[in-house]
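Each in structure tokens, the structures are laid out below.
Here subunit A shows up in two complexes: once beside subunit B, once beside subunit C.
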Partner chain A sequence: MMSGEYSAILVLVVITNFYILNTSRYIISARAIALQGCLLSLLPLPDAFAGSPQAMFLSAGTLMVKGILMPVILIRAIRSTDEFRVAQPFLGHVASVLLGFVILVAAFWAGAAIPLPTRPHDVLMGAVGLATILTGMMIMVNRRKAVGQVIGFLILENGILILSLRISRGLPFVIEMAILFDVLLAAMIFGGFIQSVHETFSHTDVSRMRKLKG
Partner chain B sequence: MILWALAAVPMAGALVCLLIPRRQAVLGWIIIGSAIETVLAVIAGVGVYRVGSMDACLGHLALDELSAFHLSLVTGIFLLSSIYARGYFNQEPFDPTRDDRQARKFGALWFSFLGSMVGVLIFNNVGLMWVSMESTTLASAFLICIHADRLSMEAAWKYLIICSAGIVLGLLGTVFIYGASVSAGAAGEEALCWTDLVSHAGQMNPSLVKIGFVLIVVGYGTKIGLAPMHTWLPDAHSQAPTPVSAVFSGVLLNCATYCICRFIPIVAASTGTPDWGRRILLGFGLVSMVVAAVFVLVQRDVKRLLAYSSVEHMGIITVGLGLGPAGYVAALYHTLNHSVCKTLAFFCAGRVGQSYGTRNMESISGSVSACPVWGSGLLAAILLLIGCAPGAIFMSEFMIVRAGIAGGHLAVIAGFLAAVAIVFCGALRPAIHMAFGDTPEPVGALRGESTVMRGCVVAMTAWLILTGMWIPAGLTAVFQRAARLIAGM
Partner chain C sequence: MTAWISEFVPALFRQWAFVLAVSPILPGVVAKTKAWVAGRQGPPVIQPYRDIVKLFQKGAAYSRTTTWIFRAGPVISFSAAMAAVLMIPIGGMEAPLTFQGDLILFAYVWGTSRFFTMTAALDTGSAFEGMGASREAVFSCLAEPALFLGLLTLAREAGSLSMSDLLSVGLIRIWSIHAPALCLVTTAFIVVFLTENSRIPIDDPNTHLELTMIHEVMVLDHSGPDLALIEYASAVKFFALGALLVRIVYPIRSGGFWAGGAVLGIGLLGLSILVGVIESTMARLRLARIPQFLAFAFVLAGFGVILTLAAA
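Let's look at the complex of A and B:
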């Protein structure tokens, strides 16, 4: 795979970020997360074609966990709570997209400062990784429902995967697989939790959970 | 061999819990299981101190002086909490209709929690250490809301979200350290093995290591409860069932501190100066102490008071870690003292709270005469926690102050002493109010009192007072040898 296609994948990741910022339905966000997971699973492919079976496994694992299983768990959790829409995020769509642009610019500026670039698309990769991390954080604080925070968390996690590819061509294989397993476990626990919250509170609006203070 | 056994016992324990039909049997089994684990940990620890560090599984599992100390502490406190859990849950059953099922769930999660903490300590690979730390969050979130009421659900959700997001930054930091390790010529899994990281830290790219260390302190610091990432801690500690609060405060926070300790020698060797990393730790430690001191003054819930005291003590330990080799010894000693003392305090506060039917400190008075063992235990524990002499915590705080003055950090020590003084005054008033005064109404009798547990309370108090006056020579050697590892020697 040439570095042009590599850059195209990274740009598509940025587009999914903006898409999630701009949508008001959680199911659609979950599908966008699935798309983002599939895009991420393409990133180790150049190494796989260069003859690394581990990169192949990593790609397959990412596709399985981030592209299929996690979105399925998320969509089931959303269906079980009957709360499909984003109930007034703290910032409106226009403001969040604008903030997304600010984040992107900042990420390009900071991404260029990460030491030791070695490959031609490294600068773009660092910037996209950082932008995805920051977008995930922003979504976590900008959504009222529990599902929204989980979506933000998953985007944050995706950003770290991209940045780890930028810094060191990904972590060692065993660890990368352990992390994937851990993330899958986290998604299952989050899904179970959303259902318990829904059963206990009969809503999942975390901004209304304000009993514990001081 | 023994490392494999240490990893296997919690897993087997969790599976057995799912097969046991009756609640009483589950509560009995968690005592047996954690006792086995404690015995194994102590044997392994003694072996490490006699013969030197051990490893297994091609160097992926390892135990050295630092992790052996923490491992014995973790399993010991866990065993005490398991014994306590039996009496506690007999007084306050889970949900009466689904009692046996909930007990099974509790037991399985309890062992998974133990297993993930043991994993943090025995993995030699800092990547796998991170994975275990993340799984402690996943295993323990449901433990907080085992009663599934609104408040505990809110606390558990907050815990899950804040700690997951925080600890992910720790992963990012680990990635930067890995990048630095690759830049120093390492490759593959060895590039994240702690022993290899330390040996070639001198050749690493310092700017990658610096970014990584800041992220690691913020990430693991969320789990330690360093301010301003501490917001989950008082909620989780106050809403969880008391045995769970005790384990959270007594050992989970230590495990996260242990993770940061592992990166201190790497940063020192890579940046060429030990001061850079230490300044960050001093800053976070002091801020935590000051924030905790302010919040201690306004607490009404006794478990929240103890939770903020944990934030303060984690700040003290972090300041100790920021003061160099003498500070490392003091910080490790303080870790031991805080774990024992905070566990004791939670045990007593939980039982006193059950007896009065409230955790509001204004409604609790005269507990020394109403329930002598737990009431006086609570008074003693709070007095020791705020640093009354002669107590072990007083001694370790004194050692930290001495290390700070010797290192010339006078401003830090001034802030340290001011925060300790504020906490002292803030916690003394409610402690006296709870202990003495008129007992309000007929106080509920406690069921499930066991002589063993009362003996534990007396023994823990005696230990804390005794080691304040005289530290056994063996214990000093333990701290000094563990501190040498943090110093990278």
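Let's look at the complex of A and C:
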């Protein structure tokens, strides 16, 4: 794969981050996460074409888990409860997008500062990975409804995948796949959790969680 | 001195003649595209020329509450457009007016024009026009950082602060190195272009519904030759900002004024058709969503700057 396509994928990942920050509909966020998962599954492809079957499996696994299964579970959880179609972030959309931009700048600054063996495009990859992790954390903090936390968590996971690809060009295959299935399990548990919280308390507003005792 | 004048003056008038001749056709093409997509016949593409000629033949009505500011508004916005267009290079050579830092002048000449359009709107004493002026001020001050960050990306890579150098052959080299950054800047510029020209999804040039108008409401009280100047200025603005966009997407390598002008004209026609398609397929954004949209454009342009900085 050409280097230009590599950076194009990473740029698109960052744009989906900002898109999720900017949108207020959870279904659209879930679709953007599906797109992000598909983009991530392209990242190990250069190694796969270089003759690494493990990278090929990693790419296929990422596509299955992050691109298809998790968004499907998430969209099903969103559809099953009609209260949280629309995000009501604590911080407004313009402010969160601008904060996301600050995070991006900080990630590029930090990504350049972290001393690691670098190959071409590693700087961009590390920075985008950091920015994605931080953006995911910001979304988790900033969203009022439980499904917003799940979305933030999935973005954070995507960032960790990018960063792990940057650090070692693929952790050992088994670990990588185990992480993928962990995340899948987490997404399934979150889905069930959201539904049962919604059934019991008829809302999942985390700012009112203190009253959820008993 | 005389040699400089004999070189500068023909170039100046050639540029103005070209822009004045070509620019009114662009809104006509947009209207025709919209009509065509909607399955209608639509006005002929030369309708804007006819409108402008018709308006120049009419008299103007002025309210007693207005002062000279109201009359100065259209004249200044037209002059500003004519000044800004001198910094746009047409063809392979430099623009008639070029110096280091002219891109800042280019951006702020539009700012001057906007300021006087807004004060003229406030001068009418109409609450309705004041509302439009307020919206225009908010949205344009959100669009400006996106324009500047985009220009900064280009200026950094071109190593110059002049529009003529930015939009020169050097762009081909920048495209080969920083294609993702330039794509981001181009997208941000499309948003800025739509905002500055009061197009859907920011503003609807055809609307006359009081809750949604932005630009149209500010020029409601102008009539006759004043309105003609405003219409002409907005066509020239469409030309100037469109030319910036077209030249970034399709860098013109060489060629004289007329060859370059023809290429630019074709590019601008394509851009007009694109605007027509956008206007036909998209709805206007809710007013509350517009700052979000513009903040997104700002982030795209800013990311372009970061990418070029990180590559260095």
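Structural remarks
As a convention for this text, the second predicted complex is superposed on the first by the 205 of 214 C-alpha atoms of A that agree within 3 Å, B and C clash if a C-alpha of one lies under 4 Å from a C-alpha of the other, contacts with A are read in each partner's own complex, and residues count from 1 in each chain.
By our rule, a contact is a pair of C-beta atoms (placed from the backbone, for glycine too) under 8 Å apart; a residue touches a chain by one contact, two chains touch by 3 or more.
Source: prediction; values computed, not measured.
In this overlay on subunit A, subunit B fits alongside subunit C without clashing. When the two complexes are overlaid on their common chain A, residue A:186 makes contact with subunit B while staying clear of subunit C. Here the vertex is the CA centre of subunit A, and the angle it makes with the centres of subunit B and subunit C is 150 degrees, a multiple of 10. Of the two partner chains, neither subunit B nor subunit C is touched by A:67.
Of the two partner chains placed by superposition, A:89 touches none, neither subunit B nor subunit C.
Once the two complexes are overlaid on the shared chain, A:37 sits clear of subunit B and of subunit C alike. When the two complexes are overlaid on their common chain A, residue A:126 makes contact with neither subunit B nor subunit C. In the superposed model, A:148 lies in contact with neither subunit B nor subunit C. With both structures placed on the common chain, the touch criterion links A:101 to subunit C but leaves subunit B unconnected.
Touched residues of subunit A, counted separately for subunit B and subunit C, are more numerous for B. Here subunit B and subunit C sit at a least CA-CA distance of 21 Å once the structures share a frame through chain A. Note for the complex: subunit C touches subunit A at residues 179-180, 183-184, 291-292, 295-296, 298-300, 302-303, 306-307, 309-310. Residue ranges of subunit B in contact with subunit A, taken from their complex: 125, 127-128, 130-131, 134-135, 138, 141-142, 145, 148-151, 153-158, 160-161, 164-165, 168, 171-172, 174-176, 178-179, 182-183, 188-189, 191-192, 205, 207-208, 211, 234-235, 238-239, 295, 298-299, 304. Those residues of subunit A that touch subunit B in the shared complex are 114-116, 133, 137, 140, 146, 149, 153, 156-157, 160, 163-164, 167-168, 171-175, 178-179, 182, 185-186, 189-190, 193, 196-197, 199-201, 206, 209, 211-212, 214.
Chain contact summary for the complex, subunit A toward subunit C: residues 4, 7-8, 11, 14-15, 18, 22, 93-94, 97-98, 100-101, 104-105, 108, 112, 123-124, 127.
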